[in-house]
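Quick heads-up: structures coming right below.
Both complexes shown next keep subunit A, but they swap its partner, so subunit B is in the first and subunit C is in the second.
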Partner chain A sequence: MVVLRAGLCPGLTEEMIQLLRANDIRTVVDFVSSDLEDVAQKCSLSYKVLVAVRRVLLAQFSAFPANGADLYEELKSSTAILPTGSPSLDQLLDSGLYTGEVTELMGAPGSGKTQVCLGIAGSVSLGLKQHVLFLDSTGGFTASRLYQMLRAQAEDEEEQAALQRIQVVRVFDVYEMLSALQELRDRLSQQVVSSAGPFKIVVIDSVSAVIYPLLGGKQSEGLAIMMQLARELKTLAREFSLAVVVTNQVTRDSSTGPLKPALGRSWSFVPSTRVLLESKEAAWEKATTQRVASLAKSPRQPTGIQVELDIG
Partner chain B sequence: MQRDLGSLPLAPALRARLVAAGFQTVQELLETGPCGLSKEIGISKEEALEALQVVRQECHGDAARTAGGSGATRKCTALELLEEEQAQGFIITFCSALDNILGGGVQLTKITEICGAPGVGKTQLCMQLAVDVQIPECFGGVAGEAVFIDTEGSFMVDRVVDIATACVQHCQLIAEAHQEEDNLKALETFSLESILSHIYYFRCRDYTELLAQVYLLPDFLSEHSKVRLVVVDGIAFPFRHDFEDLSLRTRLLNGLAQQLIIVANDHKSALQEGKEHSSTFRLGSAIGLAAESVPSLLP
Partner chain C sequence: KLLARLEGRSSLKNLEPSLFAEEGSPVHGDVVEFHGPEGTGKTEMLYHLIARCIIPKSGGGLEVEVMFIDTDYHFDMLRLVTILENRLAQRTEEIIKRCLGRLFLVNCNSSTQLLLTLYSLENMFCTHPSLCLLILDSISAFYWIDRSNGGESLKLQEMNLKKCANFLEKLVREHHLALFATTQTLMQKSTNSVESFFPFKLQHETDTDYRPYLCKSWQQMVTHRIFFSKQCNSGNSKGFTVISCHLKRNHVVKRSFTVAECGVQF
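Let's look at the complex of A and B:
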């Protein structure tokens, strides 16, 4: 729904636009879907010029079909699989986090989502030496814990470098989160062709904290913003070959019902993989670092498989 | 900047009109200018000007951040965060066992929640912390002030006087034992009157007052920049009764939570919440999953 403007393509002049507007043709869609002979007559414009303009507009604004074999080749060359730092979780995710996709970790408070996110950030930064963008919306990012995790795996010099590759942005509002993602997009598009660009993974902890205050009630604004965020995440993942990891809360329908992911049915279409984290026993009775991760949605593995995870 | 209009904080009615008129990205909007905009979508020139100002502000914020400008106050690498965390002080509770499990005391820039059945000592602990935050740095404290938001009316000033007197005496004993210059100088300003005058007390009777108080906190804290502790005693209390619309309650609690996190993070203060329990045996929180997910430390 782009508005017709002078200079949008060669041959589209200001007088043409005024004439078209007088006949109710204001956007590219209106122009392209109208009968050009009719328009040429009503606006007294040359038919050839109109056809040329339409060709250019279609070339500029339409999506081109690609064939499956090309897509497959492209995927093979651009997709990377990032290790999460935990072998059992890697096994659950079919060897790791795939770039170009959104993966979701969901769980009750205290189930270990932030710990797993820290582990992922640490492993990508230390093991693969790639940059990580961590968007923290809950204030739960603890650098000392990350340092502890890295110490357990590496020598002294490497940890400092690894910590420097992890960029942390604190966003407590959905508009700030969208600004941060826009900024990432600008930075990545300025990097010319290099596929080993600065960032390979974006971790967002958590998405529900910024969306929950907006959902529900009579206005549908919350839903609109949530879908805007969803679109931004998916296009970022696809266009720049990033792996996007988000965390989400869980809710229940009633106090005894089963756990289900928060943010509703609309959000459930966004991530391609969903992992549910749970504690093995009630958290307060025994202090335990054992968690159970089960696969709730996946394009590659059968759902329902469970593995044990140690977040200690 | 090819930023989509849907991601900007514009009023819903305005956004609907812009989309209907065919505007999609920020650039198109900026190119039109306020007069063209008011003609195209049928709003007054002042509204068009306001909308363009909001858009420009967001975009300049973006541009400044991309260029590495000083607008990026909340962006840093993990290494810088680690250094910040290691340099941060704790608010000691004067109970060494509790300090141990908390890793040194109540952490700044984080939210700590205290839950317990009625009568177990939550308000007492909150009052103790409101005094402890004021301990001068030479005695191991953070030398800050405290904000106490009370929703249950359980704040007893005479009890705070007892606690403060004991704290001052404790510090005097330490000063006498060590006989250092700074200690004695600090003790001159650390007295009962100064402690009490640096606890800012707010009484909120229902959830609207609580929400209003929390949303007004950032302004208050920018005037009183020495505040290092905000206590909300009884965060569940105003939300437990008389709430027919449960989804509204969840929304409000989550909004409140985010606002508290912003306060804790931006003003480098610690937040304490005392939470009441329903007196059943199940030791779960009274509000459930929505509110539990707020605090990052749960003693």
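Let's look at the complex of A and C:
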């Protein structure tokens, strides 16, 4: 709701604002949607001037259409596929994590979501030598575990450098998460060419931990904040060509129904790809590192494919 | 220019006959709503329609231009290119780019920006006579945010969407477009017995998981409502169903489709 004020665009003077306000035109939307001939008469302003101002306001506040061919060219050069660190998971995801998209990992507690996230962070940092932003809302990030995983794959000096490329921010509510994302956005907008390599991935473990406290009470406010967060994640992914990975819990409709992602219907539309992590059935007695990952939603592959993972 | 527009007018009838309950649909001026829960094939169907439009006549397409307004940041260009590559006999870069040149994309971040963008797009419709398909994915994207911003007043909550709906109707009418918009199933179908006494409830609404929540202005301008759902056969995880309703004449048709590498197949 942008309010009209002098200097908002060239040609919009204080006297004009006063005249418009006297006729109930206060915001940009009011101005753009009114009949300019009518306004010109009532406010005794020049029709030509009003048309010119309208054109400038629209150019300033509306979105600009792009041509499909141009967009395709851009995407070809900016889209990357990031390895998750686990070849079978990469296969499930049609080569890996695509930039420009939000990918969701869902699973019950103990299903291995945090481990997979650590694996992804390690793989991108060590393998691609790129920076990673890890937003931790559960307190589950342990640097020592990550160090262990890197040690197993890296050579001597590399794991220190790899750890340094992973930035961990602990966030405990949705506002902290939103402000961490805003900080990221500011940093990326100002960045010219970074010598440390492009920034390509954000891992969020988990998104349900910060959203759950908001849902259920005064329903629409919590849902609105959740959708703001969803919007922020998707625009970050698109505008800066990032891969965004989020983790979520699971629920069931009834005690025998299929597992579905938590956070409800509105959230279910947000990720482009969704992977379900489960323990293998035979592993009830002993704790193993074997997991089963199934593809629940994908823009590219048929759903239902399953692979086995070792998160050890 | 008028002749070009008249010629474009008859060409949309072959867009996708399986989607519609009546022959000869869609015509210019139609407003089609795709409704369904996530993962039911709405976006794939949109890619299918786009491909049908932008592929040249020599390739079996309609060779018309499409305007795609994306409010969800959901559009996957690489997927569209895969579909095009599978449908064209000659898959050269040159031909793909020419097809894509007939597609225009806009991203909108709020209902206010959507409204202002619609105003500024009006000019484009005037200057591009072969632009006759407008797609809006999705029109329900700002529902919760608008509801929260509007506070307690339903009127304020719905104000932006109402203005968008009214302006869309004007655009569709004046420039002879066909509008396809998706809405997401955000709410559970009401099992309230009072609602089931509502005399004007159409047959299709009781069969499907549909609970209207967008403003009246939008609901009244829709001419066809198409419901998407997954088929529940145990063996077939790739099948989807559409239930297509012509709202004015109350014709309902049910069809199924699958999604393959080349896109939607009926």
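Heads up, the rule we're going with is that the second predicted complex is superposed on the first by the 300 of 312 C-alpha atoms of A that agree within 3 Å, B and C clash if a C-alpha of one lies under 4 Å from a C-alpha of the other, contacts with A are read in each partner's own complex, and residues count from 1 in each chain.
To be clear about the criterion, a residue touches a chain if its C-beta (ideal position, glycine included) is under 8 Å from a C-beta of that chain, and two chains touch if they have at least 3 such contacts.
What you see is a predicted model; the values in this text were computed from it and never measured.
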item	value
Partner chain in contact with A:Pro109 - subunit B first, subunit C second, else both or neither	first
Touched partner set for A:Val168, first subunit B, second subunit C, both or neither	first
Which of subunit B and subunit C A:Gly257 touches, first, second, both or neither	neither
Touching partner for A:Pro10 - first (subunit B), second (subunit C), both, neither	neither
A:Pro65 touches, of subunit B and subunit C: first, second, both or neither?	second
First, second, both or neither for A:Leu215, with subunit B first and subunit C second	first
Subunit B and subunit C contact sites that coincide on subunit A, given as residue numbers	1-2, 221, 224-225, 228
Subunit B partner contacts - residues on subunit A that touch it in the complex	1-3, 5, 26-27, 108-110, 121, 134, 137-144, 146-147, 160, 163-173, 175, 178-180, 182-183, 186-187, 209-210, 212-217, 219, 221, 224-225, 228, 232, 249-252, 255, 284
Parts of subunit B lying in touch with subunit A, wherever the complex brings them together	1, 3-4, 6-9, 12, 19, 21-24, 28, 31, 58, 61-62, 65-66, 74-79, 81-82, 84-86, 109-111, 247-248, 250-251, 254-255, 257-258, 261-262, 264-265, 283, 288-290, 292-293, 296, 298
Subunit C to subunit A touching residues, read off their complex	37-39, 43, 54, 67, 72-74, 76-79, 81-82, 96-109, 112-113, 115-117, 119-121, 124, 142, 144-145, 147-149, 160, 163, 167, 184-188, 237-238, 259
Residue numbers on subunit A that touch subunit C, as the complex places them	1-2, 28-29, 32-33, 58-59, 61-69, 71-72, 75, 79, 101, 220-221, 223-228, 231, 234-235, 237-238, 265-266, 268-269, 272, 296-297, 299-300, 302-304
